[in-house]
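Next up: some structures, all given as structure tokens.
Here chain A shows up in two complexes: once beside chain B, once beside chain C.
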Partner chain A sequence: MNQVCADVEALSVLIAEDGAADRLLLATIVRKQGHQVLTAENGEQAVALFAERRPHVVLLDAMMPVMDGFEAARQIKALAGEALVPIIFLTSLSEEQALVRCLEAGGDDFLAKPYSPVILAAKIKAMDRLRRLQATVLEQRDQIARHHNHLLNEQRVAKAVFDQVAHAGCLSAPNIRYLQSPYALFNGDLLLAAYTPAGDMHVLLGDFTGHGLPAAVGAMPLAEVFYGMTAKGYGLAETLREMNAKLKRILPVDMFCCALLLNLSFQRRVVEVWNGGMPDGYLLPASGGEPQPLVSRHLPLGILAPEQFDDTTEVLPLALGERLFLLSDGVVDTSDENDQLFGVERLRRVLAANRQPALLFEEVLQALDGFRGRSRDDVSLLDIEVVEPQLLSPPPVIYSDSGQSSPLDWSLQFEFRADTLKRFNPLPYLLQLLQEIHGLRAQSGALHSVLTELYSNALEHGVLGLDSALKRDARSFASYYQMRNERLQALSEGFIRVHLRVEPGPRGGRLIIEVEDSGKGFNVSKVLARPVSEQGLCGRGLNLIRRLSRRAEWVDEGRRACVEFAWEALA
Partner chain B sequence: MSEIHIDRKVLSDLQEVMEDGYLQLLETFLADSEIRLSQLHGAKNADELAHAAHSFKGSSSNMGAVALAELCRQLEDRVNHGPLQGIEDLINQIDREYAAVRGLYCDERQRVSIG
Partner chain C sequence: MAVESVVSQDGKKLTIKVKGRFDFGKHQEFRNAYEHKPARPDSVVVDLKEATYLDSSALGMLLLLRDHAGGDESDVRVVNASSDVRKILAISNFDKLFDIS
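Let's look at the complex of A and B:
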């Protein structure tokens, strides 16, 4: 005969049985097993007692007067709601039909007469285990729901902070069209665009590994670097190096950011491209036709150590009306129900077939819908048109200091020699310095453009000895820049001297810039005499420099450029 | 024909379970059974008869009255599935069987009260 075991938890058991002797017997058996017993004579009493005392387990006689066991079971189950109250039917009903009725009414098990205490104990124990399991499940479900809401809320807050950091930049420029999902941040998708001080545009389309908060968290420091350095006039290479180093340092080992960066100069009609792991971008010809892919040639950001990082960019010429089309990997990776990929071929066909630029996004999305059978809301698309620079108006820079502390009478000379020229871009520092001349701030854009042009001329045509005529057409363009990199790597001698002189004048002041290189020089008058259109891609942008400054001349057989800016005193 | 009226093993198990409540159990059963019998005789329709037979079957099997339980099972079966002919005969058999076991339970009751 079973004894009360030490590890049995005392439960409250409801026994509903209309036979008095049977009821007494059962109650005694259950009590001896260590449980607390409630008894009822019929179904109605059973339901009332259940509602009042909420026992853990219910033993129900199938056939009772007033309300039978089946109805009582249904009502008790309804009262129990989500919680599991095991119901064991007491029955000598052996017919299959009758047993089915028991189960349908909500019964969880049967106990046959004559009652076996051993079997009863086993059933109660098993039922109680189920009961506790259900209770645990419900509790955990509620806990999960609470955590889920908590996380959602945190994400909302994170997104609000991020939106401040990674503001839209210049995505609202008239020549830019873009599409980005509201969930982009938490898919790891990033779209940034900003004007450089010279009026060029830096654009970044990125894709962080992972989803949710981990993906979003890397985006913030990246955006800070991008916007900060772009605003200071740093080039793509330096910005890339800084972004890569930062991500490598702060992200865990298995996280990184695929990125495609563009440096668009509408003044010089060139675009510099760096693609690390993103799907091909495309250069779309002005009047339809085969798109030219901007292929990934680098590892994504945050993988390589700074010493191994490759910041080499590709430079392509641009023509008016051409467009740059960038997209995230959601497009090419879309698969249909047979696990076939949408793929690059289908995309290229859509691009080539497009006749109206304004409809390109719709055409791409429609092609995706049709292929997959469902729409996607998590792809990012970007379309930038090459326009005349006058159409774009970068917002004026807001300075935090007034005009009192402006240095007005000084000069400065730098000499950059071969080793430095290889790896250092002095422009951001020089420009930062010139920013201090408050009177010149209104011409900041022109100043940046001119200095950039002078420096690149001095380096490429002067020190590296590259023939500017090589930039005449698109094909030789690529080889020009390849040669530029090769020669720069191999550089062992040469210099560029930069001399800055600021002098006060009667009503304001003037800045004289001299840039001198160790190159062979060039035939100044010949180049200046060429018609403007010919100077387009090749030439040395001499007319641009002349246009933007007050005076510009080349002396010393073209080896030294002297450019002057002037300003009136601020009121 | 030797019938087993009461399974003695069941009785001793019951006494072990019930301990001090054994006497009360015996008395409750005897009182309960009188009610069951009158339900059997007083049944106005098939349902009531089947129900009474079913309940009596249950309680008597719990108490070890094997033959009685078997008779009740037969009655229940006959009511539900037929044939209904000669069913009064079965009820009479139940009466007689109960009379026999009642005596035995009274003896048991006396044995326990004295002991």
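Let's look at the complex of A and C:
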């Protein structure tokens, strides 16, 4: 037995036995094995001793006066809580029923009289192993719980910081509905929307590779570029190039971000689309009918080097009541128990069957539930309706300067030549400059819209010589923009001159913008004489310019546009 | 082994076969299939004949392989992809980086 003492750590063992002789015998055996012994004469004493001294193992006689072993076992187990305190019943009972009662009362083993020191030693040892195993499990469980809480707390803080950035945008606009898990960020899903200075809306639905923190870290820089450049008036192409370059620079090789970006102009009723790696989005017709897919034509962001990146967008005409529906891969990649994917066809059937736009999300989720029994937690859905621009109210730009140093009497002329026109968008710079004129800030949305129209007219119809009649119907729309890209890439000569003149007046002042191009010009009186209804998709530009500015005229056979804005002195 | 790699006799071509789900669980095995090889092969073939599914982290692994094999100079082919797997590769437009057949 001394052998056993050496490799068993001393335990404290409680022995409850009403027979004095048996009690002494057991105590002697256990003590010889190197353990500490506590003794009790009945169940009540045993419970009291347990509560006071917390022994490691308990030997309980089943039949005892005052309180029997069964009740004592129940009370000791209750006191022990989650920790395992092994109870070995000492019994001369041999009927099965009695032994079952011992186990039901919480006993872990039993020892029959007469007592064998060898078997008792072995049982105490075995029980000690169980006890330690349970203790280890509990400790690790608590450790995991602590780590988990720690992680949740970190996620909560990270999410709070990120929400400050992400919610700078306009996801709350009246024509946007979206559905996203609150912790979508940690699934790598990202949803951003913001107004451009001209009142257009930029939208991004993205999906980073992976899950958890690695998927979330890229979201912050991406959101910053998106909001920063959108607010400054940059278009999708420049914003995409910058986002791609930034992600390429900071992300490891195997991480990237699938993304679908939209530039929605509610004034001009067009949407510009770029899809790199996201599932098809859809343009849903107002009157039901075949949804038009917005197909992924590019590699995701963060893979290609800046010089290889393709920022080509597609442009589609929009009509009132049409909707854009975007979704994350959690929808089509939801699989049933046989690993069958929900897939695009099932989704299209749901889209086609939808009658009430407001119920579309619920119908998609129901279809997923019906397919699988339970939908994934990383499903993001976004629905944007084409509405009258007046229904949307971009927030006013907040300026931090005092306005006292505003320059009021100056003029500037720029000439942008072929190589510049190909790859550079000068509008953000011009708009930045014009924001220095405090009197004009109330009209900055209109100013942005007009300047954008003037520039794209000069570029597309002037320098590139594209016929605006091409845009008259939806079908030729796509080929118009394809031709625009081809001609721009091949451009070797031509120019756009922008002349800005700011003059103070007795009460306020005025800005005259002249935009001149190297193109063939157009028949001004004929185009302007057309009724608005006939101008359709192609004529909206000129109409918009006339509506938003104080005065607009075209001279030099349409090659030069002169537009005037004026303001009253600020109080 | 769910990921097998074979180098051709002349040592110029490395073939990596992936079986079952090609997802993050195969990360280490997939890397082991091409890292620490005595010589860099001229070309790499990823055989997905027995791959049933591919997720975005698998796309990331393909990018790592491509980077390891020389980036834009690399010759990495993805062969025998099932129609489901090809769809996933197509949505991400990986055919612009890899020769997929």
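The definition used in the following text is that the second predicted complex is superposed on the first by the 417 of 571 C-alpha atoms of A that agree within 3 Å, B and C clash if a C-alpha of one lies under 4 Å from a C-alpha of the other, contacts with A are read in each partner's own complex, and residues count from 1 in each chain.
As a convention for this text, contacts are C-beta pairs under 8 Å (C-beta built on N, C-alpha and C of every residue); 3 or more make two chains touch, one makes a residue touch a chain.
If you're wondering where the values come from, they're calculated on a predicted model, not measured in any experiment.
Engineer: Which partner does A:Leu341 contact after superposing on A: first (chain B), second (chain C), both, neither?
Structural biologist: Touch status of A:Leu341: second partner only.
Engineer: Tell me the contact category for A:Ala21 with respect to chain B and chain C: first, second, both or neither.
Structural biologist: Touch partner of A:Ala21: chain B, not chain C.
Engineer: So, does A:Ile303 touch the first partner chain B, the second partner chain C, both, or neither?
Structural biologist: second
Engineer: Determine, under the contact definition given at the top, whether A:Cys258 touches first (chain B), second (chain C), both, or neither.
Structural biologist: Second partner only.
Engineer: Contact-wise, after the overlay, does A:Lys32 reach chain B, chain C, both or neither (first, second, both, neither)?
Structural biologist: First partner only.
Engineer: Who does A:Pro117 touch here: chain B (first), chain C (second), both, or neither?
Structural biologist: So A:Pro117 only meets chain B here.
Engineer: Does chain B (first) or chain C (second) touch A:Thr209, or do both, or does neither?
Structural biologist: Second partner only.
Engineer: Looking at the overlay, what does A:Gly276 touch: chain B (first), chain C (second), both, or neither?
Structural biologist: second
Engineer: Taking the contacts chain A makes with chain B in one complex and with chain C in the other, which residues are shared?
Structural biologist: none
Engineer: Could you list, by residue number, the parts of chain C that touch chain A in their complex?
Structural biologist: 24, 52-53, 56-57, 59-61, 63-64, 67, 84, 91-94, 96-97
Engineer: State the interface residues of chain A toward chain C in the complex, per the touch definition above.
Structural biologist: Where chain A meets chain C, its residues are 207, 209-210, 253-256, 258, 276-279, 296-300, 303, 329, 339, 341.
Engineer: Would you mind writing out the residues of chain A in touch with chain B in their complex?
Structural biologist: 1, 18-22, 24-25, 28-29, 32, 63, 92, 113-115, 117
Engineer: Which part of chain B faces chain A closely enough to touch in the complex?
Structural biologist: The contact residues of chain B facing chain A are 10, 13-14, 16-18, 21, 24-25, 28-29, 31-32, 51, 54-55, 57-59, 61-64.
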